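The letters A, B, C, D, E and F name the chains in turn, as written, and every chain counts its residues from 1.
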Amino acid sequence: MSEAVSAEIQTTHIIDLARTGHRLDGRGVDEWRPVTVEPGFVKSADGSAMVHIGNTAVLCGVKLEIAKPYPDTPNAGVLTTNAELIALSSPTFEPGPPQPEAIELSRVVDRSIRAAETIDLTKLCITPSEKCWTCYVDIHCLDHSGNLIDAAQLAALGALTHSTVPAKRFGVGDRDYPLEVSHFPIECTFVRLGDKIVADPTFEEETAGQGRLTVATDEAGNVVAMQKGKIGAFSPDEVIETIERSFRHGDRLRNLVRGN
Amino acid sequence: MSEAVSAEIQTTHIIDLARTGHRLDGRGVDEWRPVTVEPGFVKSADGSAMVHIGNTAVLCGVKLEIAKPYPDTPNAGVLTTNAELIALSSPTFEPGPPQPEAIELSRVVDRSIRAAETIDLTKLCITPSEKCWTCYVDIHCLDHSGNLIDAAQLAALGALTHSTVPAKRFGVGDRDYPLEVSHFPIECTFVRLGDKIVADPTFEEETAGQGRLTVATDEAGNVVAMQKGKIGAFSPDEVIETIERSFRHGDRLRNLVRGN
Amino acid sequence: MSEAVSAEIQTTHIIDLARTGHRLDGRGVDEWRPVTVEPGFVKSADGSAMVHIGNTAVLCGVKLEIAKPYPDTPNAGVLTTNAELIALSSPTFEPGPPQPEAIELSRVVDRSIRAAETIDLTKLCITPSEKCWTCYVDIHCLDHSGNLIDAAQLAALGALTHSTVPAKRFGVGDRDYPLEVSHFPIECTFVRLGDKIVADPTFEEETAGQGRLTVATDEAGNVVAMQKGKIGAFSPDEVIETIERSFRHGDRLRNLVRGN
Amino acid sequence: MGSVGAKEIPELLNAEGRRIDGRRLDELRPISMKVGPLTRADGSAFVEWGENKVMAAVYGPREVHPRHLMQTSKAIIQCRYNMAAFSVDERKRPGQDRRSQEISKVITEAFESVVFTEEFPKTSIDIYIEVLQANAGTRCAGLVAASLALADAGIPMADLVASVAVGKVAGRIALDLKKEEDNFGEADMPLALVPQSGRLVLIQMEGHMNRDEIREALDLGTKGCREIYERMRQALRTRYEVPAGAPAPEAMA
Amino acid sequence: MGSVGAKEIPELLNAEGRRIDGRRLDELRPISMKVGPLTRADGSAFVEWGENKVMAAVYGPREVHPRHLMQTSKAIIQCRYNMAAFSVDERKRPGQDRRSQEISKVITEAFESVVFTEEFPKTSIDIYIEVLQANAGTRCAGLVAASLALADAGIPMADLVASVAVGKVAGRIALDLKKEEDNFGEADMPLALVPQSGRLVLIQMEGHMNRDEIREALDLGTKGCREIYERMRQALRTRYEVPAGAPAPEAMA
Amino acid sequence: MGSVGAKEIPELLNAEGRRIDGRRLDELRPISMKVGPLTRADGSAFVEWGENKVMAAVYGPREVHPRHLMQTSKAIIQCRYNMAAFSVDERKRPGQDRRSQEISKVITEAFESVVFTEEFPKTSIDIYIEVLQANAGTRCAGLVAASLALADAGIPMADLVASVAVGKVAGRIALDLKKEEDNFGEADMPLALVPQSGRLVLIQMEGHMNRDEIREALDLGTKGCREIYERMRQALRTRYEVPAGAPAPEAMA
């Protein structure tokens, strides 16, 4: 049986299951796999977090360095998000320059953090027009077993939440101090399987999926970012329903990141 | 009938026609397709021109930005020409880094403008060794129906002729002012079809052509640039004859650009 | 007979020969091909040397330019080694970005020169934290008939040994003066052919080889760099023996470079 | 949104509820569409929308390049959204940046959701979108132009895709943001609708909107898409001089 | 070595012959190995060694990509050693630099010397090594992790490859240098050993050592590799819960 | 030409009509040609011309790489002109810049006009030109070296291609410009001639020349090419020790 044929059979099976409200791994339609957030995983970073969602594993490291502010934002620091879908994490990835999937991942994570004003960039300014902090958020996917976006976003937020500004090390302050995190956006991703929209999809469910929708919500009841991906479509009512589910999951995951 | 065979039949037909002084579209050997120059097509540019030669369409936009002069020319600004043979314009182009054809195009256009001293670069100096204007000439080919070089060069000259130096916008002057254009070189391209050398070749004629010759002439009776391209050869007498024809066409096209 | 089969037959033949202490070109196991070093080959360089080892030909050119010291070494200049395995030199090379083989070559040459402290980089500092010399060592392989590493390293050392610091030309001194070379590391490369380890391998011997070992020694009796390459293995005793042989060859080649 | 360090914020909504260019909150910018302006492409369209100028061309179904992307069961769609260097205030370096690559991806996926790709296995349908002049909403203008170019190329699809952005400006939900509204507003949400099914094939959003605002924005955006859709049908009619009201979308193939 | 311009050199060896972290000259840093932490890979291992954290994964034998690298008589091995941007003090730009490419090459050649590649013609065995946190000796840690991942993937090989660096610190030959020793020591020599044959499949060296020192370093390095080898076998036993002392390396396939 | 900001212009022509290096206006720089200096290439040549040093090598006809460039009816010619980093006053970054790519293109087309490519369908004839030391006229020196290398490789062609640049210096038409003449002269026109047919297969020009000057330049350049051609035939004779005057160009295959 060819790989394509077996994939198609699995897709049909997954969608059939979903019709009856079931999933391959026994979860309910709105149920997540176990989520863990392990801050401080990497000592060489100024902040880091290893996140597992089921088997999916994503490591994020934050590094702060001194740079010159951009001319059009002289009073602000810089936030840069980069995601690497390294070939180690999945048989489907190849070494080389970032592919569209990796670019979308980093941009969707970046968008939630930026739109929610997670970090007040003006606080990363040291001397206007002269010196500021550049905050690099590097996302390293280690095991791609589905729902990379949410794992990556959680890892990024986790790493930022536990980051230190190395002011003393760079000679611009008496002591290193914690990076101030103002808002805690949480991204939740869903895929359509037939007429059901399931949360936290596995790799197999993403492959079978007929449209993907990601919603980032903040702690104040705002939607701060959305991204529809993959082949497929959603009605406005489905979008609304998905947003409501994102608010619910968001609260729980936010507590996990903040260590509450 | 394979594509290669049909192309070969067309080539033979075009060359046979040329022997009797005829062309596929009914033009004479030295006759151009209709030429239009539409300046100011793009508002976001500091200067622009859309040029049509028959169905061939090329858009050029000029942008001026402030930079530092090169160390070896401290009293001069910088002129940079770039041509994109975007995949939108022809089934034969592919997305990706510029291919040799695009590089030759931009260099041949650039050479005519530079050699003719179209723009006096010393007038683009603001503060010697400190600040100057960089003038970007970006050529965007939209429909490649033959003779891109002449269309691109005309678009570049047209855009420069109608450009504004944004001195006020960049805070280095009280007002924006017109870019001064000192000379008006015009490039004319020909291809050999058997023993005939035809002006303003179509895409099909370029494919059938046995050598291409481009001659840039200025308003003072000088040849300022030449480029032979493609497989084929020209005798010195043919070069001389082609130059004479370029002077004639050049005068007419120059008036078109200058709006005379 | 396919190319692969004929290569395999040659490999077997070379290894069989080696067993009896013989080589295809009649040399002994520890014997080198004729070596010549021609300094000053390229006038446009600040130093250069053409090296032949048998048919293998490598040209190295040194250029010195003024730059800013790296922040972490404010009192030192910069040494940069680059090797191009240009497609001209071998049917097996292709145009394009440097391949692993070229990168290894340049790094192994660089390592010997850097580890031996051939050039005292602090003497390339002009004004601490402000101005220093960057010394570019560019290696251009012209004929790859085996043992490129040793030819390249010899060419690099030869070019450095006969280089001029263009202080007057760059306006940072009254006169140009010779670049000071403090140490003279020599790299010697061997390949395993069965139970024999032969010096100065030809291209065919490298292809047949079962492991390659390069040892750089200096004039004071130190090993300063080593690199094992290709498929194959060496026992510690073989490494020791190879080092001894490298010391012997090193002395002879060092005199050649220094013109003694 | 999040325009750190921006100096002067213009008044985006006046006392009469009019926007910076005099539009009402639910009003589109002027739009004109021309189908078939290019001769080398299999299909093409040029859209002027507010101060946007966008050209789209379609080639195919044709041989897949590079070969290894070929799919045996259907056509692949390759969309490349690109901005001309001179299309924006500050010159953009030629070539695909990360933003362009993301937009190319979501537009590709939008069209993969409507084109009958299984009719052309082992081929590629290549869509090129060139933004010649940009003023917010270029991805929507590009989607509209590409939709028309696909129809012009005779590519069979379930429906034309219509697109518009909706956002939040001075605390109010507004249709079809222009540049100042995009820069200084509170949220931007580009949408692409398949009008016959009422489903969205492109949704992106950035900024701050609460539940009610999102709901209102989805309503307004859907309505805007339907308005655009009518203009698109009109443009195709003009091109092919088909009697008004006639062509069922299925017949476009 | 050759750290031009370095300011303060720490005391690398104290009067009692103890190193900066209290180790003796012939002592390894603490090391832990976990086999099989990843689920998508065919084989994987995670190694923490001193302050290094290195993950390795193996995929294959599988189809060769790009195709033109395929060899008809054997499998090719493609190893990619990579450092995460945050793995070092000063952020490393993502992507392969020249150092990474050289290390990838020598590690590839080390494994090509032990894997029975002729058993899988026309395929590729892909090894990915990701350095997540670096503190000198990452290529050795990567080799060890990759060796375990190859065994975990069931790739047949002549033996496990063990690896450690040896160097010269404050005039003495020392095993398994940590960062300060690497930066301020006099020589560094990474080695990889095939324990059963006693041969080295990776040798690199930089610095200054005379004949006697080299000899001592090779002895100490070989001994260190054998110590690592025992830990590796233990880690594989733990993973597969095979009774201690059992598995001949040939049986690993 | 157009050397904006240049400081001191040297006297390019003295009262006696002698040029900066003592040459007359119609005089070539010293030139020497060596055929076959390289052993790995199928054909090679080394040309020293004034202060230029240029090496050329030819490989093929051989398999086409990358495959998709293969043509079923003829050989393709792939020429790569490259300057060594140290070949010019200011170090040139390694790799192909736009100038090198353009020169590679026009040289390729020059040779495609004379090589009997239809005799070797589905193959590639690869020409590599390396400029080791540059002093104006490198593309002409490269063409000459490549021509000799093609002959050395036994590639059948209609004729050897000869090449020289002609220009305008201090108001006069001059043959074979050297660097100062190129930098401070009024025009430069590299030409490549097929001597037997009297036709030009490469023409480029930049600067200012009126009708009469162009005519004079074409005459002088053609004459110069013929002089080079004789030297090329001599170099091939020396290589193959064929009696003088013998080899018809068709027999070169």
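Basically, a contact is a pair of C-beta atoms (placed from the backbone, for glycine too) under 8 Å apart; a residue touches a chain by one contact, two chains touch by 3 or more.
Not measured: the values here are computed from a predicted model.
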| item | value |
| --- | --- |
| Steps needed, at fewest, to go from chain C to chain D via touching chains | 3 |
| Minimal step count in the chain contact network, chain B to chain E | 3 |
| Chains in simultaneous contact with chain A and chain C | E |
| Selected pair, out of C-E, A-D or A-E, that shares over half of its residue contact pairs with B-D | A-E |
| Whole-Å separation of chain centres (CA-atom averages), chain D against chain F | 52 |
| Centre-to-centre distance between chain F and chain B (centres being mean Cα positions), rounded to whole Å | 26 |
| Distance from chain B to chain A - Cα centre to Cα centre, in angstrom | 48 |
| In chain D, residues with contacts to at least two other chains | none |
| Multi-chain contact residues (two or more partners), chain C | none |
| Successive chains around the closed ring, taking chain B as origin and chain D next | B, D, A, E, C, F |
| Contact footprint of chain C on chain F as seen in their complex | 38-41, 51, 53, 55-57, 59, 62, 65, 80, 82, 84-91, 94-96, 126, 128-130, 132-135 |
| Sites on chain F touched by chain B in the complex | 1-2, 4-5, 72-73, 98-99, 101-102, 104-106, 109, 112-113, 189, 194, 197-211, 214-215, 218-219, 222 |
| Contacting residues of chain B [partner chain D, same complex] | 41-45, 48, 55, 57, 59, 61-63, 65, 82, 84, 86-91, 94-95, 97, 136, 138, 140, 142-145, 203 |
| Chain E contact footprint on chain C (complex, rising order) | 4, 72-76, 100-101, 103-104, 106-107, 111, 114-115, 117, 121-122, 211, 213, 218, 221-236, 239-240, 243-244, 247 |
